[in-house]
Each structure stands twice: as C-alpha cells, then as structure tokens.
C-alpha cells in the first residue's frame, strides 16, 4: 500500500520536474530541474530492486552532470540569461 | 500494481518530453538538457523491463542465499547494461557541452538560429 | 604529526563503521588506505593541528555534545512553534557578534552550532566578526547579541580547540 | 508555429507507437534463460555476491574494457576542444568563505575514503568502479570549489590513468595463460563467499577500473574548470 | 525486542513530523533567509530521528547509520551557510519585517575606507 | 504496532515531499528553488531508509550515504555559481 503511494508520488514529481526543465526560460532553473529528475528517478530505481543503478544515477547522472552544466553556464554567462 | 509497467510508461513519457525539448527549444544548453532527460527515460525503460514482481535485488547476502537465488532475484542483465549506459551518457553530455563552449567562443551566442551556415 | 595521527584515527573509524566488521583483513586494508590518504592531505592542509588531546578537553567534548543536542531540540521546537502559529511571529534581522576563538576548526564548529541553534543562521564571517541572521532579534548591539548567541558554546569550544 | 504543429504531430505518432509497446508489455514471472544461468551459477563460478558486478566485470568484461576506452576518448576529445587560447591567470573570482575552506579540508579525505570503500566492496554491496570513481571525482570538485584558483597537477591524473589501464589489460591477458580466457577471474583462488578477499582477481580489477575512471573524470572536470575566463 | 521496535517506530514518527514542519516552513516563510533557517534546522533533526528510529528497529544497521548521521550533522549547516552567503552577495531582498541589517552597515564602511 | 507507526511515518514523509515540491515549482528566485532542492534531497534520504526498512535489505543504505554527499555538493555548486565564485 505504502509503496504504491510512494511510486505515484515519485511519478508525478519526475514528470513535473521534466516539464519544468524543458519549458522554463531560466537556465539555472532548467539545470536544477534536470538534476531533480535524475534524483527522483534514482529513488524509483530502488523500488525496482536496482541499487547499483540507483547509486550510479545519483553519483553520475545527478552529481557530475550538474557540476559540468554549471561550469559551462559560468563559462558562457552573457547578459541575456541569468 | 506492476511497478515494471509504471517504469516503462514513465520512461516513454520522459522520452516524449525530451524530444519535445530538443525540437522546440532555441537555446543550445536547453537542447542538451532535453537530451539528458531523454537518456533518463531510456534507463527507466530498461530497468523496468528487468523487474520481476515481488522480487529483490540481485545481491546475495544474509537476506538471500545462493541456493534460492533463482526464485527470489530480479534480472541482473538489464541493470548491468544500464550501468554502462549511464556512464556513456555522462561522456556524451560532456562532449556536447564542450562543443557548446566552442560554439559560444565562435559566435558569442547560444541561440541555435544564429548558426545557419549548413542550412540549405 | 598530531594532525596525521588524528586524521588516521578518524578516517579509520569511518572505514570500520562503513564495513561494519572487525576482521583482520578489513583492519589491515583500512590502515593502508587511510594512511595513504591522510599522508597525501595532511601535509598541505593541516586542519586538526589546533586540536587538544588532554583529558579535560575530552570531558568538555562530551559536555559540549550534550549541550548541543539539547539546543538542537530546543531549536526545532522553536521552529515548530513559529511555523504552526497562524500569525507567523517573526522579527528578523542580521546582527554582528564577536568571537574569541582563533583556530579555524573551532570557528567552523562554532558557526555550525550557531546555525543549528534556535533562530540563528551564520551568513558571513570576517576575521573575528560573525554576521548572524536572527529570526527574533532581541538586542541589536554587539555585546548583547554576543552574550545571547555565542557564549553558550564558546566556553566549551575554547577548551577543546583553543 | 508551423514547426510546432509538425513537432506535435510527430510526438502524437511516437506516442501512439509507444502506447502499443507499453500496452503489449507484461511483466514475466520467471527469469529468462541467460539470467537464470547467471543466477544459478554466478555465485559458484565467479564467487561475487553482487551478480551485477559479476556480469559487468567477468561475463561481459570485454564490454567494460570498451566502455572505459570510450570514456578515455571522450575525455581526450573534450580536452582538445576546450583547449584554452591564452593564459587565464588574471581571473577575478569571489573567494570562498573561511568556513567552506575548513570544511572542505576535513571532508575531502572522508569523501576519498568513501569512494575507496565503494570500489573495494564492489563485489559485496551496491557500487563498484564507476560509482567509486565518480565519488572520487566529486571530492576533487569540492577541493576546486573551495579554492577556485588552485592549480591541479593534471599530469598526475594521466599517470594514474595510464598505469591502471595498463595493469587492467595485463590482468586480462594473464587470464588467457593462467586460467580459462581473457579477463577470467580465477587467477587467484576464489576464497570464502561473502568476505572482502573473495571472488578471485575481481576486486583488483574493480580497484583498477575505479582508479582509471576516477582519474579520467577528474581530468575532464578540471579541464572544464580551467577554461573559465573572466567575463 | 518488541519494546525496542515500538520505540523505533515512535522516534521515526516524530522525525517524520519534523520533516513535514520543515517543508511547511519553506512554503510559509516570507523571504529566502527565513526559509533557509527553517529548512536547515527542522530537516536535520527530522532526518536524524528518522534514521535513529530505523536503526532501533534493525540494530545491525547502526554502524552505517552513524556515519550517515554525522555526515548530515556536519554538512547541512555548512551548505546552508554557503547558500545564505551567496544569496546575500547577489542582493536577495530581506523581507519588510526586517529590523536591523548590520552586514550592510559594515559593507558600507569597507567602501568608505 | 511498530509497522503501523512506520506506515504513518511514511505517509507523512510523502506529504512533506509534496509540500517541499510546491516551493520548488513556485519559488520566485533560483535561491528559493535551491533551498527546496536541498530539502527534497534530505527528505529522500529518509525515504531511502524507509525503503531499506520495508525491503529488509541493509545494503540499500550505501545509496543513502552517496545521497548525503550529493545534496551537499549540489547546493555548493549552485551557490558558488550564483555568487560568481566558480
């Protein structure tokens, strides 16, 4: 029962964060939302009995990707976007 | 409720959102973000296919003995493939972002419509 | 040398807790790994060199731990009271306090303790001055604020880290 | 506007196609042939408690070698494209707060120990070379964040990377002569199931993979960090 | 054993309540600094108590939980301090209820001197 | 008895996940969204501990340790980007 509620909540959060990441005009918000998609997906992988995948997605998909994105954003920082 | 089916459906929806982002956004960084969401959707589908209802992780310890591994663990092969795919996904993202930096140096713009050199 | 010793002890205890076993293989491999990492880092960044190891410091460490836990609970009840009440009773502001601590690690622990105690958050640090966001400002001058926020922890941390 | 309509039509078509695939998907009740072979014999043949690790390192070991090579090529190509035009030594950045520098000095060794734990225990618990390497690279990033102007010796990463890659291939070739084939893990005795020293040469391979991936990702991240310029 | 398990359940229930109060706080508070305050304090104690409750139910998990608890207790205040400092330096506005802002005064002195 | 208590605690955690997500999707500033992101990751650590408890597998806690590291690192990267100190 509890696991069904948790998986529905995770589904809603993942889809909402993905739509926000694609639709927003602020690049910082877009990158943070993409990180949230990976993070919530990796909690979901634990439900699917895949702890290895969950750890990889958390460390690489959410951690290192976000860091590289922010380095690039800092490099190309212009006047028209924040 | 079958969690595997839920994961497959969520993965397909993430792929659709990612394609929408890639095809409609003008900013190059947003296109890369759309690609990374597409990637996450693919991983979710592959893990969902390997899931078997009511079974536990393929790690044998005090909770699961090697003797009854056959009846109590999920399929480990898709998980091993996804492990590879995530690392390669990071490499591809980093490569695309390096191109973004190079393009920005070249024309000081992130808008995809200002790169029309190869358009016919 | 003291820095290296404390680093190895701390890292080895983390290694043993993570492995959750005391078999000889784990201890030997842990010693090798932590010694390499500690030698690599302690030469260029001696963080623990101000720490004292006399018995009084250890007793005060435990006292500090109890005081800190008590304050943490008080902070959370305070937050709960403010969040639940419909009027949202806040009176925020940024005040300045001074500290006597000179070692870097002592100041780090002081700032962390301040952040986790009732209604205060360390915003910036410049030399001896800590700038603190206080959710319910009751005294705006430096001495009054210092007395209320800092001194409770400073008397313990001064003995432990100097 | 016309463009968006085309995109919507394309997405509806793809969605219809995906709906058909998801509709016909039904979870099975038992493992398929390959998976049940691994589940039955993996523990005896390889001696690793984590079957995902057994597949990644031993049964599909050649794939992992290829993956590490692809990652190396990616890092090299990205470094080529990010090659800075001139020296950016006159960067003007806001310095970190004193508290972050002290905290980073305490946390970075801890993060390295965590990374080493993750790849040494790859055959017993979740995690392994790739995850451990990523954690070590994150530790390096924390060091760079606390002191942005610090120079990092990238030749050291190249050295670690080359040596671990060399030993990785060397162990693989040694498997041909001493055991059943390339990357066979029974060069060393399998040991007692479920302890730290078990599964033959597998932990050593994962340590080498961890060092290689960690230094590759560290090199990639420092390359991205070095090209920040004043703007 | 039964007593230990029920105690664990109660402790984690209290922790979950604190987590809820923390997330309610970040919605209700008027400006970023007050949100950081409630977000840090309530979630730190909430996670801590939830983990201790899980550990009381399964005592063999305690070693790993201790590492996790100390890690959270140490890193959470540091990250909120760094975030508050960044928020102040990019000029995030304080709420209208603010009484005093000593940091702005001292920054003004720096520019004069 | 204890299982019921854990069930209620799990329900409250899900509720707080949604409440924190409101601030994430609403938040006017990037700073507000970062705070909400931090709170969401910390709630996720509790959620992972709950999943490990439900599944009865202590090894899932390794993932929680990695999460604790990442919540710290992510917040610091965004904060340093915002104050132009990267």
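Residue numbering begins at 1 within each chain, and the chains themselves are lettered A, B, C, D, E and F in the order written.
One rule holds in what follows: contacts are C-beta pairs under 8 Å (C-beta built on N, C-alpha and C of every residue); 3 or more make two chains touch, one makes a residue touch a chain.
These figures come from a predicted structure and were not determined experimentally.
**Student:** Chains in contact with subunit B and with subunit F: which ones?
**Tutor:** Joint contacts, listed by label: A, D.
**Student:** Please report the minimal path length, in steps, between subunit A and subunit E on the chain touch graph.
**Tutor:** So the least number of steps between the two chains is 2.
**Student:** Let me spell it out: compute each chain's centre from its C-alpha atoms, then which one is farthest from subunit B's centre?
**Tutor:** Using the mean of the C-alpha atoms as each chain's centre, the farthest one from subunit B is C.
**Student:** Report, in whole Å, the distance between the mean C-alpha point of subunit B and the mean C-alpha point of subunit D.
**Tutor:** 16
**Student:** How many angstrom lie between the centres of subunit B and subunit C, each centre taken as the mean Cα position?
**Tutor:** So the centroids are 40 Å from each other.
**Student:** Taking each chain's centre as the mean of its CA atoms, how far is subunit D from subunit E in angstrom?
**Tutor:** Comparing mean C-alpha positions, subunit E is 32 Å from subunit D.
**Student:** Which residues belonging to subunit C are in contact with no fewer than two other chains?
**Tutor:** 14, 18, 108, 111, 122, 124
**Student:** What residues in subunit A touch two or more of the other chains?
**Tutor:** Within subunit A, residues 3, 47, 49, 51-52, 54-56, 59-60, 63-64, 67-68, 71-75 contact more than one other chain.
**Student:** What parts of subunit F, by residue number, touch at least two of the other chains?
**Tutor:** Within subunit F, residues 10, 17, 34, 55, 57, 59-60, 62-63, 65-66, 69-70, 72-73, 76-78, 80, 82-84, 86 contact more than one other chain.
**Student:** Any two chains that touch count here, so list every such pair.
**Tutor:** A-B, A-D, A-F, B-D, B-F, C-D, C-E, D-E, D-F, E-F
**Student:** In the complex of these two chains, what residues of subunit B are touching subunit D?
**Tutor:** 2, 4-5, 8-9, 12, 15-16, 19-20, 23-24, 49, 51-53, 57-61, 66, 69-70, 73, 75-77, 79-80, 83-84, 87-88, 90-92, 94-95, 97-99, 101-102
**Student:** Going by the contact rule at the top, pick out the subunit A residues touching subunit D in the complex.
**Tutor:** It is residues 51-52, 54-56, 59-60, 63-64, 67-68, 71-72, 74-75, 77 of subunit A that touch subunit D.
**Student:** Within the complex, which stretch of subunit F touches subunit E?
**Tutor:** Listed in rising order, the residues are 1-6, 8-10, 12-13, 15-17, 19-20, 22-23, 26, 29, 31-32, 34-36, 38-39, 42-43, 45-46, 49-50, 52-53, 58, 61-62, 64-65, 68-69, 71-72, 75-76, 78-80, 82-83.
**Student:** Enumerate the contact residues on subunit C facing subunit E in the complex.
**Tutor:** 14, 16-18, 20, 72-73, 75-76, 79-80, 82-84, 88, 90-96, 108, 111-112, 115-116, 119-124, 126, 129, 131, 133, 135, 137, 140
**Student:** Quick one: which bits of subunit D touch subunit B in the complex? Just the residue numbers, please.
**Tutor:** 3-4, 7, 10-11, 14-15, 18, 21-22, 25-32, 34-36, 38-40, 42-44, 49-52, 54-56, 60, 63-64, 67, 70-71, 74-75, 77-78, 81-82, 124-126, 128, 130, 193-194, 213, 217, 220, 224, 227
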